[in-house]
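Pasting the structures here.
Two complexes follow with chain A in common, the first pairing it with chain B and the second with chain C.
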Partner chain A sequence: MILLRRYGTLLALALIVLVFTIASPNAFGSMSNLVNITQQMALLAIVAIGATLVMVLGEFDLSVSAVVSWAGIAAAALFAAGIAVPVVMIVVLVSAVAMGAISGFLVARYKVPSFIATLAFGTVIGGLTFWVSNGATMFSGIPAGFRDLGRGTLAGVPVPTLWLIGVAVVFWLLLDQTEFGRRLYAIGGNREAARLVGLPVRRDMVVAFALCAALAGLAGLLLTARLGSAHPTGGGGYLLQAYAAVFLGMTAFREGEPSIPGTLVGAAIIAVVSNGLTILGVPSFLQDLLTGAIILAAVLVRNFGRDGD
Partner chain B sequence: MTSDSFLALGGLVKHFGATKALDRADLALRAGSVHALVGENGAGKSTLIKTLSGLYQPDAGAIRLDGTEVTIDGPRAAEALGFRFIHQELNLVPHFDAVGNAWIGRRHPRRGPFIDRRAMRAKVADVAARIAPDLPLDKPAARLTPGQRQMAEIVRALVDPARLVVMDEPTSSLSEGEAERLHAIVRQLSAEGCAVLFISHRLDEVLDLCDSYTVLRNGRTVGAGRVADTSRAGLVAMMSGTAGVSPSALRPPQPQHPEEAFAESRLEGRTVDVQQKLPGTDALRPSRRPSGPPQDVAVGALPGQSKGRAEKPVLATDLAFGPGDSRFAFSARPGEIVGLYGLVGSGRSSLLKTIWGATPGRGLIAINGQVPGHGPAGRIAAGCAYVPEDRRREGLANALSIESNLSLAHLPDFRAFSPLPMPSRSKIRNFARATGARLRLVAGGLDHSPATLSGGNQQKLLFGRWLGRPIRVLLVDEPTRGVDVGAKAEIHGEMRKIAADGAAILMATSDIEELLALSTRVLVLHAGRLVAELDGPSLTRAAVVAAAFGHAPDEQMPPSERSA
Partner chain C sequence: MRAGILGLAFAGLMASTVGSFAADVAVLTPYQSSVATNQMINVFQDKAKMAGWNATVVDTRGDMGQLASRIEDVVAAKVAAIVLVSVDPTQIQDQVSAAAAAGIPVITIDGAKAPGVVLNVTSDNFELGTKLSDFLFDKLGGKGNIVKFFYSAHPGVHQRELALDAALKKYPDIKVIADHYVVVPGPIDDARKTTENWLKSQGDQIDAVWAAWDEPAIGAQLAIEADKPDSKIIIAGIDGNPQAVELIKACSHIKGTVSQDFDAMAGLAAEGLTQILAGKTPEKAEIYAPAKLITPETLGVTCP
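And now, the complex of A and B:
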């Protein structure tokens, strides 16, 4: 029982993979499909890693999907104006960081509940995105060199997977091995106590929100690179799935704390279920139903285990 | 003593896994008595209370009410028997007023389909008139003082007739004056025939207020009787199981030159740490009673340090604090424990927070002769440390491990490789081990949550996290609130040790025994104003209380003038 509680989410992932492999050994279980799953989960996982930072603080950033869309549209618009790839990427990422910093500042300095601050500010970003794009999909002038950042393979590994590995390693180190990471956990644990022992609470919160938005911006760039086009609501699907991944991850390892490895497991579960059900030809409404049920089940199992504490 | 008791608990046993929380505990209460339940933390007081309130079912033993055995299978059953519980952490809805709070969970009176607010208020006003006529009934609980909140709880408990009111550490967060007020209410209850079971760590209060007592140790009743037949020492001996008495009789040495303390405190020149400018701030004027020609606070030097070897103050403040243009000016030398006393609302905690840099303030602070940097981080860099009042809200992060909590205040000290801001787990572990050993921390494991610790051990953690580096100034707000006798003595010992190692300690406490036992000198605040400084022969309980209530004959007179 303790094992189930402790590693239940990991076991669930293994079980799901096993079931799909048995159900569809050739299509699902093939090496190429498993590699493909890592590519499919890459963008979601990158957004979710950013959300993890903010969740460690005990806050939410509901503007992540708006930032994903913004980054895609902003990049497409700049490309249409003929601006070079590195400049576009830097400008877009800087704009995303600024957006996150504004959210973080509102939350840290003015104590606006992050839920409402980022919901409202995300709406502002969404409006901005529509304005720039006139509400239309943009696909002209996106250079092939940029598109290669989001597709194809390098040494046999899909490029998005490489991005994910890089981001995961950097942010795992940041959250788990640095003073900054420890401070984030402390601020999330007891903000007043953290302030009273002299931690730079406001600054760290702003940085965490900014990093979260930076990752959402990166995901938006990679999405546009992969699709070769940008849609003003292109990031819409990432918000709930990213938080679902973080919550699933919180049940995976440390006692209820968000962590990068946990979030990866959570994102993997979501990606595997979606991929497996698609291969089995399950209609998409059933996929949503099952994904939601899995998330509820994981959280419930953890809370059942906690009753005795 | 059982013959005339209306409630008798006999031979209660309660196991939690392998540990026996109650091991043949007995308790007998007479109607209208004020009965003290005392014992160290972990002695089984809480378990006993929870058994009485129906939260726990005893594994063995019986509860007899009016001679017949009763089962209390839940809080509703306890309520029906006329038992009321006032817990240490009050349970009021913050935005409800006393009337709204009193009716929570009860059947509200109705007029037609609507709630009859007038009837609600009338009923509560009735009770309040008897018990606490000065309780404002229309203020939301959030805006009441801690003492008033306690009264609101008591009023709520008495809306329906009660036979027994259990109060768990009711005075731990009250000032002396509010505690007196509560004592009067307890006596009133007793006069009305309602029994009061009173749990308190403050033994002088027990001796003063209660007429009978029960002592628990390791879940067992080890003594009971009339308070008139025992003494403080007797109670302590029963609680601890030995004749050993805590070393609070020992007083630290007096500072060598107490008369200089005020004279040297005047700092001129630089403002400190103005986090948020108050109106008209530019005028941090030179003190009204200058101790010499104005000098700049040069780094490393304090004005008036001309006494050669005489130890320099490590902490000196001259802050705009309190109503109007009143100031808080004082200084403290290494080895001193300066007590800070005042009623709740007198500004003790906000004064400490201002010195700590956590609340915006205006004025001058020098630590070790230097103006410290901005905010708590600047104070820490200057060698200052702070123990907050409310360990749960302001002190500990329960989601983190004990060792993480210990390391938080100075994470950069634990770097594996100093240019990289990456802490080494083994260094943190070693620090936590050493600190735990020094403080005699009782913990299941250093990777556990601090929530698993007793109050005393949590309090030790708050001190422990500063022990990694030299402490020059220690600001302590309520060092031992809600802490058992043993841990209290250990914490007092630790504070003396920190002082002896060369720190100046500024300690705010509402426990007057603690104040008198530890302090070499006492500052008294009244309504935000520093009204008295007491030391040597002038430092008596009566003088402290009189000053705290604003009866001091003089305002802000330096001790040298007063004692002359």
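And now, the complex of A and C:
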């Protein structure tokens, strides 16, 4: 029973996979499709891992989708100017870190509610993105070498999946195994108490927002590599899904707290549901209905469990 | 316990859908909320029904990453064919190529030619833009100030904008005094608000509104009707959107729309797919559906 309580959401994921496998053994249940799902969830999970860091603080970063779009457009614009891949990646990631740090600074130093600060700053980033792109989808000049960072396989594993594994391991270690990670949980638990015991609250918050934006920037680069094009609103779909993944993850592993493994389970549930329902030929409006119902069910069931205590 | 409840709820929902939605032809688009795209999808679904296909529709609401993933899904599901609506396939070239490599024919409606695409049925967007611009500029007598609603993210709509640029070179006395990148979804309301602002700031200088498609034209009409109903501003758009046609008939400020025959596009696509599924190759890889200008005169209406 304790195991069920602790790993219930993970078991729910397994159950969803099982139902789809029974419904479509040849298409959904094939190994190639299961590997494909890890690729499809990779970018969402990377953005959601960043959002997890901020959620640990008890804050939101609503600018993540704008940073994803910005990173893609900025990279495409720099490629069009003939700049080399490593330089482009560094410049784009540094710009994303700077954007996140500004949001974090506004929240930590001036106590602007993160909801408002990141919404406003996200709008600024969106404007910048449209300015650079002229609102157009950018195709030209994206080198094949860069595209390979977001597609293809390495030793049979899709490259985006490898990025996700790398990011997940690094940020799981950072959050669970380092003093910095424990400080973030402490700040999220009680910011005033954390300040009174001498924790560098402002600095840690700025760093958390900067890391969140860095991961959104990385996802934007990988999205551009995967598609071979950059769209000025290309990151728009990630905001709500990333936070849905974090919330779903909060029902797993650790009661009510955001965690990297939990977020991975949440992202996997979202990706599996989209993939499975598409394979079964379910129209997209019904997919939305089911995805929303599953998220609500997960959160409600957790709360029912608490009431039962 | 919670896993059980969650699983049961999900299984129940699944059971109600799985049996009735076996995929055969997958129709995918990022823009189903657009009236024109929706119309093409509806007509194609009707044709698919008559042909005995089971067409299912996936809309990713402007999200190209999601569109790429959903194409991968239907390739894994080994559908009989993939129909992409209102999207340039080069934006998802890897997925289109993977479908072609898996032997799944890909056709596009209102799309573009690309490797792996067997058939594209569309309108010549540059011609549409030229017809719109020439009509509007002739109405102005070759002289005046226009405002422009555009959306460069859609390659087809961007072609119309390029046609405007070309037409402006032919008409040096026509000036674009303001322009606006339309927000999608929600183009009508976005254009309405923008036009309201323009009317306040430079309403006396605007002679005409050039809209890259009809929804922003309708938004501009709503604003002018509310704030400056007696003005001589004329509006024109593209698509032959039924609401725009009604407004032309009602002698509103919308004086023209270059109608794309979306029903014909969807019908031609269904005909092409019938051939393809029968193992034949379409005579041409790209077919243009005819376009025509709709004005009060062509509708038999005399406006004051």
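In the analysis below, the second predicted complex is superposed on the first by the 302 of 309 C-alpha atoms of A that agree within 3 Å, B and C clash if a C-alpha of one lies under 4 Å from a C-alpha of the other, contacts with A are read in each partner's own complex, and residues count from 1 in each chain.
Following the convention adopted for this analysis, contacts are C-beta pairs under 8 Å (C-beta built on N, C-alpha and C of every residue); 3 or more make two chains touch, one makes a residue touch a chain.
A quick note: this is a predicted structure, and the numbers were derived from the prediction, not measured.
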{"item": "Combined model on chain A where chain B meets chain C, clash or fit", "value": "fit"}
{"item": "Touching partner for A:Gln177 - first (chain B), second (chain C), both, neither", "value": "first"}
{"item": "In the superposition, chain B vs chain C on chain A residues touched", "value": "C"}
{"item": "First, second, both or neither for A:Ser69, with chain B first and chain C second", "value": "neither"}
{"item": "Touching partner for A:Phe130 - first (chain B), second (chain C), both, neither", "value": "second"}
{"item": "Chain B, chain C and vertex chain A (Cα centres) - angle in steps of 10°", "value": "130"}
{"item": "Chain B versus chain C as contact partner of A:Ser95, first or second or both or neither", "value": "neither"}
{"item": "Touched partner set for A:Thr161, first chain B, second chain C, both or neither", "value": "neither"}
{"item": "Which of chain B and chain C A:Gly256 touches, first, second, both or neither", "value": "first"}
{"item": "Which superposed partner A:His231 touches (first chain B, second chain C, both, neither)", "value": "second"}
{"item": "Superposed arrangement (fit on chain A Cα atoms) - minimum chain B/chain C Cα distance in Å", "value": "22"}
{"item": "Where chain A meets both chain C and chain B, residue numbers", "value": "none"}
{"item": "In the complex with chain B, residue positions of chain A that touch it", "value": "177-180, 182-183, 185-186, 188-190, 192-200, 255-257"}
{"item": "In the complex with chain A, residue positions of chain C that touch it", "value": "1-3, 5-7, 9-11, 13-14, 17-18, 21-24, 26, 32, 54, 56-66, 68-70, 72-74, 76-78, 88, 90-94, 150-153, 155, 158, 181"}
{"item": "Interfacial residue positions of chain A with respect to chain C in the complex", "value": "1, 4-5, 8-12, 15-16, 19-20, 23-24, 26-28, 30, 32-33, 36, 40, 43, 130, 134-137, 139, 151, 223, 226-229, 231-234, 236-237, 251, 271, 274-275, 277-287, 290, 293-294, 297-298, 301-302, 304-305"}
{"item": "Residue numbers on chain B that touch chain A, as the complex places them", "value": "356, 358, 375-380, 386, 388, 393-400, 404, 407-409, 411-412, 415, 421-423, 465"}
